[in-house]
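Presented below are the structures under discussion, each in the form of structure tokens.
Both of the next two complexes hold chain A, though its partner changes from chain B to chain C.
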Partner chain A sequence: MKDADLAIVGAGPAGMAAAAEAASLGLGVTVIDDNARAGGQYFRQPPAGFRHTGAMFLDKDRARGSVLAAALRHPAVAHWQDAVVWDMPEPGVLAVAAGEGSGRVRAKAILVATGAQDRPVPFPGWTLPGVVSAGGLQNLLKGQRVVPGRRAVVVGNGPLLLLIGANLVRAGVEVAAVVEAAPIWNRILPALASLARAPDMLALAIRYRAVLARAGVPVLAGWTVTGAKGDEAVTGCRVAPIDTQGRLDRARERSFDCDLLVAGFGLMPSLELPRLIGAELAYDRRRGGWTVKRDADFQCSVPNVHVAGDGAGIGGAEMALLEGRIAARAVARKLGKQVPADDDLRRAWAKRDAFRRGLEAIYAPPASFLDLMTEDTVVCRCEDVTVGDIAKRRSELAGSVTQVKATTRLSMGRCQGRNCLVTLAAMVAKDTGVDMATIPLPRPRPPLRPIPIGDLAFEDIPPPDIPADPHLPRKQRA
Partner chain B sequence: MSAIPRRADIAVIGAGVAGLCTALFLARAGRTVAVLERGEAWGESSGANAGTLSLQVKRNEVLQVSRRAIELWRDFQERDGMEIGFARIGGLRVATSERELVNLRKSQGEQAALGVATEWYDGNRLRDFAPWLGPEVQAATYCDWDSMSVPLTAGHGLVMAVRAAGVTVATGAAVTAIARDGEGFCLQVGSEIVGAAQIVIAAGAWTGDVAQMLGVRLPVAADINMLTISEPAPRLFDRVVTHIGAILSLKQYPNGSVLIGGGWQGTGDLAQGTRRTDYLNLVHNLRVAMQVVPALRHLRMVRSWAGYEGVAADALPLFGALPGVPGAFVNACARGGYHQGPALGEQMAEMILGRKLSLDMRAFDPGRFAA
Partner chain C sequence: MSRIDEGLERGTAFAFTLDGQKVEAYPGETIAAALLASGVRALRRTAKRQQPRSLYCGMGICWECLVTVDGAPSQRACMTEAKPGMRVETQKGVGR
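This part shows the complex of A and B:
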């Protein structure tokens, strides 16, 4: 078992900023990340040795990312790349799968900085080849410098859509339309005060909008995708306006041809690790669902576990950088290091927090997107479970989330429920007329991500206790 | 909470495999039966288990019950149309050391004497028969009774079948007190009272608690067994695999997922309702699995979990009349109780109906623990 003062899970903005801060304050830090290179989603780098000169707009913030990544080479930082944290078997201990280096790390404090995932929103045709998620597209652009299409439509909800539309235009793709579910234009004015708290972000948004306008890309606000068309692959999509009651106005449906449909319905925190360890969560409708309850130092309800960045609640890269630093300082302080006062960091954080509240107000989605689904829409892609399958089981049995899971195999595949459980919970909430906040999701079980069984062959551990008669009642470790 | 029935001929406490199978055979004999379940049907051991139906790993005492159970599982699927995922694919019980070879020979002899023949494989015959076994496996016995099933679909199938037979299955219906009422019983469920002429305690690991409601002490321990499942993979092996020495059970489902278990212990506490996997034991479990089927090292595991298994102090079923309480019966805590569920349910129904039992169940009488 290795030891660390601070173990950081995730080398995105929050994790990298925390590592740099903690190392500079004299802590021994271990950073564990499942990517080959540090950066996370925002500072994602192409693979080492990758040469490509085009699409430099993607690299605008590269310098800052490189400075942070360089901090991971600090002598007090151990950076485990291609390494998956798959369990926290006891307080302060992380189980890590990393090929021959697999084993456990014991840390005085843990920072969870596991970032966000795309919010899955099923609609007819969403599983067709050529339909990609917003996060998936950004990965391809940033990590591989690949654009998987010539004519795109960008649909969904949230501030990422304008950015993606602009990136696609700059990458030379014809963008037929950006389709935003929230009626954002009517909402900007009331939110302007909060937005002005982060003028840099506001300027960026205006720039993206300008790129789209110059390219003549229509931005339909208050509209949503209602289906993707195509047999083998996507060939187009249908979109419809949403009325003031949140209902689809299918009479006014329009369609676009495209060979790339980017669907981004916002982000949600990757909460697997906090949920596994039983951290208290809070349902924050405005912020898009479940978030981690934290104190002022971003410590969650589990002692000595801090959660920073999008992995606690969606706030974006700038907020993540600040939260990582503040959390690292709190840990250093607790471990008896000399730490400067945080007032400037906390003031900067408050501005970002006000800004994100403004964004949330503008982009608040309709109550749900469940109306987009039809009987044969797939909800769980891994196990191929449709809306109809779920309805059948729910009519036969009481139909709680766990029972639907058990009888349909929904959430039991490779994605471990990341892309379907929230949809099932929303369906159950809607049918039974209760609030999403009251629907418990099944607690994740190790491994937090699929890991090669062979990785468990390497750690040096004491030999097992094999009972003489395994039939008799057994002893458990305390 | 679902609607609670007011009366039944027989109230069964617990909707796991023991309770549901008992209810099924009683209902088929024309009795009105209510199953009272504290949580969700199939929500505890029966929903968490591995679905291994291996005859040759059973203790000699339960060999006959276990063989009968395999016939019944097959009938459930083939005759009654329940989705059990039952497949009689045969099983290998392996030995990896000299001592295990001796034990395997001995066990083979004992089983043969009890009418369960297995076939011995070693050397090249073993490699030809099961080329996917690792080099450290020295010998194995093959039992063509050994089978597997898919507990998740089996549970759904059984609940549907039991309901179709007229049984009321009430969920969210914890029994909190039981009182004698003339010849029969009153059971407290929330603020309701359920009346029944006879009762069956089929409360798995909680059987001791329920028996205590009638003032009877039964020595029940709760094991915490772990299981791990892999992502779907191309076919690696085609038998149920168990181990004479180390603790292991392996099977590959039709969708390609491999289920790895055997009874390695997790941690937790039944009284507090806590349970989780134990890191070191999980690692050991997977190492034994890789030793026996080396190709497993290339698969990714997607999920592991721990569940309670109630076990009596001597690891034999608690089956029969509750000592000193006429009209009350126990059907619980068989080691490998999922496998044996249908046969134990059938025999329990025969006992309650006052018929002569087709199997000898005397060794399992709960009275053996009466002071």
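This part shows the complex of A and C:
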């Protein structure tokens, strides 16, 4: 068992910023991260074997990321790499699977900074090879410097699409179209005041738009993908406009050829750990759906557990950096350290928050993406459960996510529901005419991720107290 | 299906195999990155409907990119580093 003042789960923007802040305030910190290198998705670093010879477009934030990652080498910080937190067996204790390095850490406070994942939005053909999530594509580009196609279409909903389109163009890929569901051009004007609160971000968006315009890439706003084509891999896609009532106008469908279809329908917080420990949640569609309820110091309803960054509610990397620092300071303060006032950090946070609200107003989805699904669309990728499989069980649904789970095996596969539970919850909500916010998600159970059973053998915990077998002869019981 | 070379140098290329066929990779690359860079599409087939699947989330959470590595089934190609001489097999169902 290791000991720490603060245990941080996740080495992305929030986790790294918190580690640096906490260490500088005199706390002993343990950072647990499931990647080989620190950075998370936003500051993803290429493997150590790659040597940088000059800066190019994918290196925009690399210098900043390296400075943050360097903070994890502070003598007061222990960085546990390739390590998966799979349980909190008792308050303040985290169980960590990391091969031979598996074990537990006991901390006075815990900061959950587990980031976000792409919102899964099933549409016909979305399981075909060549259909890649927005986050996955960014990782391949930034982390591996690989482009998985020659001709791409970028579809979905949210500010990432313009960035991805621009990145693909700059990586030499032919981008046939960027297809954004929200009618963003009509919505920019009313949101301009909020957007201007973060001029740096606004300038970036304009730059991405310019890269696309120069390459002659059409940006279809108010359109959505309706299906991917192909048998063994994606060969094209269909897109259709969304009318003002939020209906798909399939009569005006168009199609594009492509061997890469990037699908990004926004992000949602990775809530497995908060859900496991029973943290109170709140439904906030604008921040990614289910979010963690927190106080002003980003502490959740479980005492001494803070949650910062996209893993609490979607706000982006800049907000995550600030939240990590504020949360680390709150912990340091509680542990009796001298801590400066947070006013400047909180003011910066408020600006980012205003920008976020502006973005959300522009990108609010104009339609229910459930309308994209057809009878044989796969909802649960792991267990191959389709809309039709679920519909067959409709009579026994009774509005319960748990019942569908039990009868179809949906969400019982390896990903443990990360890519299907929100779809099922939305289906149940629609079917029974209730609000998403009232649908309880089943509580995850440890292990939070599939882990090799052998890892448990390396845990440095004392053997449990097993009472002597009363059936043994008395002298053998000892 | 290509590597971006601008702004960095990769180490010395090595080979591993996919279903017996040679694939080139560079130190630090994941199995998935090396395979996608050389034009491979499907990484596995599902148990129930035998559908082709490949990298989707790219960050270790969807388990769609499962391959068998040196006989060990269900390894995530997007999280596993390619090594010289590795024997990678596309996976059918649960891989056993």
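In the analysis below, the second predicted complex is superposed on the first by the 449 of 478 C-alpha atoms of A that agree within 3 Å, B and C clash if a C-alpha of one lies under 4 Å from a C-alpha of the other, contacts with A are read in each partner's own complex, and residues count from 1 in each chain.
Operating definition for what follows: a contact is a pair of C-beta atoms (placed from the backbone, for glycine too) under 8 Å apart; a residue touches a chain by one contact, two chains touch by 3 or more.
Computed from a predicted structure; not experimentally measured.
In the superposed pair of complexes, A:33 makes contact with neither chain B nor chain C. Of the two partner chains, neither chain B nor chain C is touched by A:5. With both structures placed on the common chain, the touch criterion links A:171 to chain C but leaves chain B unconnected. By the document's definition of touching, neither partner reaches A:21: not chain B, not chain C. By the touch criterion stated above, A:414 is placed in contact with chain B and with chain C alike. Once the two complexes are overlaid on the shared chain, A:318 sits clear of chain B and of chain C alike. When both complexes are overlaid on chain A, the residue A:89 reaches chain B alone and has no touch with chain C.
Taken together, the two complexes place residues 413-414, 450 of chain A in contact with chain B and also with chain C. On chain B, the positions that touch chain A within their shared complex are 2, 40-43, 47, 59, 152-153, 155-156, 159-160, 171, 221, 223-224, 230-232, 245-247, 263, 265-268, 277-284, 286-287, 289-290, 296-305, 311, 313-315, 335. Against chain B, the residues of chain A that register as touching in their complex are 87, 89-90, 93, 95, 104, 393, 396-398, 400, 402-403, 406-407, 409, 412-414, 416, 445-447, 450-454, 456-457, 459, 461-462, 464, 466, 469-478. Put simply, chain C touches chain A in their complex at residues 1-11, 26-30, 33, 36-37, 41-43, 46-49, 51-64, 74, 78, 81. Residues 34, 36, 41, 46-56, 58-59, 117-118, 127-133, 135-141, 144-150, 171-172, 232-233, 259, 270, 378, 381-384, 413-415, 418-419, 450 of chain A are the ones touching chain C in the complex.
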